[in-house]
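One chain, chain A, appears in both complexes that follow, with chain B as partner in the first and chain C in the second.
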Partner chain A sequence: MNTTIAQITYRGMLGSRRVFLLLGLPVLLLALTGVLYALASSPERVTILLMERFGVAMMLPLLGLIVGTGVIGREIEDGVIMHLLAKPIRREVVSVTKLIVAASLMALFGALPIFISAFAMMGWEADVALGFAVGALAGGVAYAAVFLLISIVTRFAVTVGIIYALIWEGVVGTVAPGARDLSIQQWTLSIADAVSSSAFLKSQVAPGFAIPALIVTTLLATILAGRRLRSLTLSGSE
Partner chain B sequence: MTDHSAPTTIHLDEVSRWYGNVVAVNNVTMRIGPGVTGLLGPNGAGKSTLLHMMAGFLAPSSGSVTLGRDRIWQNSKVYKSVGIVPEREALYGFLTGWQFVLSSAKLHKLANPVEAATKALNLVEMLDAGNRRIDTYSKGMRQRVKVAAALVHDPPVLLLDEPFNGMDPRQRLHLMELITRMGADGRTILFSSHILEEVERVAQQIEVLVSGRHAASGDHREIRRRMTNRPHLFTIRSSDDRKLASALIADGSTGGVRLGEDGLEVRAIDFRAFTRLLPQAARKADVRLLQVSPSDEDLESVFSYLISGGRQ
Partner chain C sequence: MSEPSGVIHDIGYRHYDGPRHGRAYARTALFTNSLRGAFGLGRPAKSKIMPMLLGVIMLLPATVSIAVMALLREGPLSYTGYAVTMQAVVAIFLATQAPYLVGPDQRYRVLPLLFSRPGTPTDYIVAKVAAIVGAMMIIMVLPITLMFVGEIFVNPPGPLHTGDYLRGVGGAFLFAIFLGTVGIALASLTPRRGLGVASVIAFYLITLATSTVLSGVLESLSHDTASRWTLLINPFMLVDAIQVWIFGSRPALGIDYPSGAGGPVALLAVLLLIGAALAILVNRYRKAASS
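== the complex of A and B ==
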């Protein structure tokens, strides 16, 4: 971890208009929470539906995309990453620092609003808020690592990220039984389910698989990101 | 302070770089040592590709690029001795110039980053503008702040990719003076440019790259002399131009003579033979030479010749 790189990255993410992108989804979640709280007759079921369909299935991967591409993809695209890479610092340190920043932003703009939203609806009941918060934290870190890797690997990170987030995670991961096992969204729900005692929350993937899968995915993406950054080529204008 | 024990010569040995079927750099061997070297070539000649390989941002497809004996590619330690000023203009616009250069000093883990950043900004005359955000800077100011960030650790080797782009004449002159001074201090400075006047004014050594090939090396006069087949143009004024013309045309070292408004325009095929012949022929013909001036001595004509592949 390099604090100077982390400071620059935080400023780039929070000190610009990008922060409104990060705030948009959590604000929408909290607004939906307010509306549903006023209207819902069965808060537990509604809370879980809101968390599953919006918090975990939509907000988390999109935030991962914004954060993952924001912390490094943009810098690679415009070449400003050269300022960090032309220094006597191992590139693995650069990528791990970027991941730590991305993961912390996922916690702040993803897991925390999910917890606040679920807690506002249900309090501590059936540990739904805690379950989704823990799940979103673990899933958020994995998303950050995967999108960070995508940002380093391809210059079309946003397109690839949207396809991954919406098609794989959003459609294939929820519909195709085999693909469910390979979905960060399902692993997130599995952890939420393991922590919570709610009868309305039933995940498709066992936590015995989901937890190692999240750890392996995060570690693998981090290692690959470091390696790829080490071999990153930046072309000139010619 | 410059680390005098650090290697200061960049070695390129049979370096090639290709993208698919396109060869960007073709079997280039050169040494870039202390002093100012200009990497000259037209747009698309492969200058940036070569410079990126020297900066460790591109792996050679074949051959080796080293600083002293240290491989540059995938070796972050070399950046202790190397400063890089990339051509691309993008910077962290949300930082002030001061914050940007200070961050560079911190990333180099310097003992006194504040002092180093102050010194570097002072060197490029950007200390006063240092508290302004970079996104409010002109192109020239951005360029200078990039130079300050590259110099903050006082590197013995500095690589600059098209550093004069976008600078106004005063800023250009200032950077030229700075580069000249740093070269005189014993640093290895390499800058790329497609503008001949810049290279001519600043570089003691010129490496010419044409279509990915190392076309020539030396100062611009040396480059010219080494091209033995190249015809040289002279404008000669004498006491009797017609008489001198007939004397010169009889000799094999003269390719052509034209009587122009300013005197004789002579195309010399063999530079050395012609310079020997001219005074002898004039004496024999009893003609007084009033003025002999090479009409294509500027780098532009040397460069045009190299680009044409010697077909001129």
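== the complex of A and C ==
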């Protein structure tokens, strides 16, 4: 962890136009929560629908995409990364610092609004809010780590990320059950299900598989990211 | 104060007296180049992978449908619903290619060079919008055309769906002009490729998720009419509602849209959004031209 790199990365993320995308999603989630709260008399099923479809299926991967690629992708795109890599700082330190920044942003813009929204709907009832907050935290860190790795590996990081989130987790996951085992979205739901006692929340993957899978994915992505940074080549233009 | 004494020497550069092609030529050149670029033509091999892959994925259901017509003697897939069924692929195509059309010109400061020639910002916008609309048309019309040709040759039982096919082409034009204009306006706001792709896909994912959640909740509370209205938040459903209203086609996903005012309101919304997108573009490039 290098505080200077962290500081610069925070400034890059929060000081640019990217912050509107980051802020927009939580604001929309809370607005939607307000509308649904006014409509629903028994909010449990509604809350879970909102959390699953909006929070976990859409907001988390999208935030992960913006954050994970944003913390390093724009520096690679600009070539500014060369100045950073030319300094006598271990590459692993660079990648871990970037991941910590990304993870903290995921917690701030992802897990926290998800908790507030679910808590506003249901309070502590059936631990739904807690479950989704813990799940979103773990899933958010995993998304950040994976998308960070992808943006070091390829210039088309956002595109690859979209295809993973939309095609693999979305389309393939609903058609081929096997694909669900390899989906951060399903792991997130599995953790939420394990924490919460709600009967409406049923995940497809056992927590005994999901938790180790999340940890392994995050660690592996971070280690690989550090290794790839050692031999980064900047390819040319469009 | 002495008189200015500067002299311009003729150092023998030759003048250009060949034909000058003017605005229309510049516009066409920009359009052709952009349309080719949207499919990776004239770009490095790596840039060809994504659009070609998405194009092939778009063709898959059509191919399967031809096989089904031939082997099981069943009718083709819905021509008007094709783009709605494949909306994820269409959205990814738009999100990956729209930023390419407008991003590099801003990133590498090409705009001042373009605007110092006869072509104006309006020409630039017209060319770019036409290119993305054309590219979207190709990606949506090609599969249904393949399917229609397949239907002609296989000739499954029942009448030929010529009307449906033509309605599908008309619908594809609606989809292309709406999604293309909005997508390119969003993409034009940033010179960065990553951010451009992310903001276009964010637009699609946010509207999709909002529409799914609201319509699902409202339906479970048996507010059926309100639930149908919230379907229209999804841009693909919005255009499909217009198709249903104008062409009398069946709703693509089998869920009814609001009857009565639904179609006209959807058309109005689409026109307003296209207008807003064009306003963003004009504003963006007027600024670029004057800086």
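One rule holds in what follows: the second predicted complex is superposed on the first by the 232 of 238 C-alpha atoms of A that agree within 3 Å, B and C clash if a C-alpha of one lies under 4 Å from a C-alpha of the other, contacts with A are read in each partner's own complex, and residues count from 1 in each chain.
Definition applied: a contact is a pair of C-beta atoms (placed from the backbone, for glycine too) under 8 Å apart; a residue touches a chain by one contact, two chains touch by 3 or more.
Quick caveat: nothing in here was measured; it's all calculated off a predicted structure.
On the shared subunit chain A, the superposed partners chain B and chain C are arranged side by side without overlap.
In the superposition on chain A, contact of A:175 is made with neither chain B nor chain C. Contacts of A:25 after superposition on the shared chain: chain C is touched, whereas chain B is not. Touched residues of chain A were counted for both chain B and chain C, and C has more of them. Judged by the touch definition given at the top, the superposed model places A:89 against chain B, while chain C stays out of reach. Within the superposed three-chain model, A:38 lies out of touch with both chain B and chain C [touch as defined at top]. Of the two partner chains placed by superposition, only chain B is touched by A:80; chain C is not.
Superposition on the common chain A brings chain B within a closest Cα-Cα distance of 11 Å of chain C.
The intersection of chain A residues touching chain B with those touching chain C, taken from the two complexes, comprises 237-238. Looking at the complex, you find that chain A touches chain B at residues 2, 4-5, 7-8, 11-12, 15-16, 78-80, 82-91, 230-238. Residues of chain B that touch chain A in their complex: 24, 43-49, 51-52, 55-59, 74, 76-80, 82-84, 86-88, 90-92, 94-95, 100, 103-104, 106-109, 149-150, 161-162. Interface residues of chain A, counted against chain C in their complex, comprise 17-18, 21, 24-25, 28, 32, 35-36, 39-40, 45-46, 49-50, 53-54, 57-59, 62, 65-66, 69-70, 73-74, 77, 151, 155-159, 162-163, 166-167, 170-171, 237-238. Residues 43-44, 46-47, 50, 88, 91-92, 95-96, 100, 104, 108, 189-190, 192-195, 197-199, 201-202, 205-206, 208-210, 212-214, 216-218, 220-221, 223 of chain C are the ones touching chain A in the complex.
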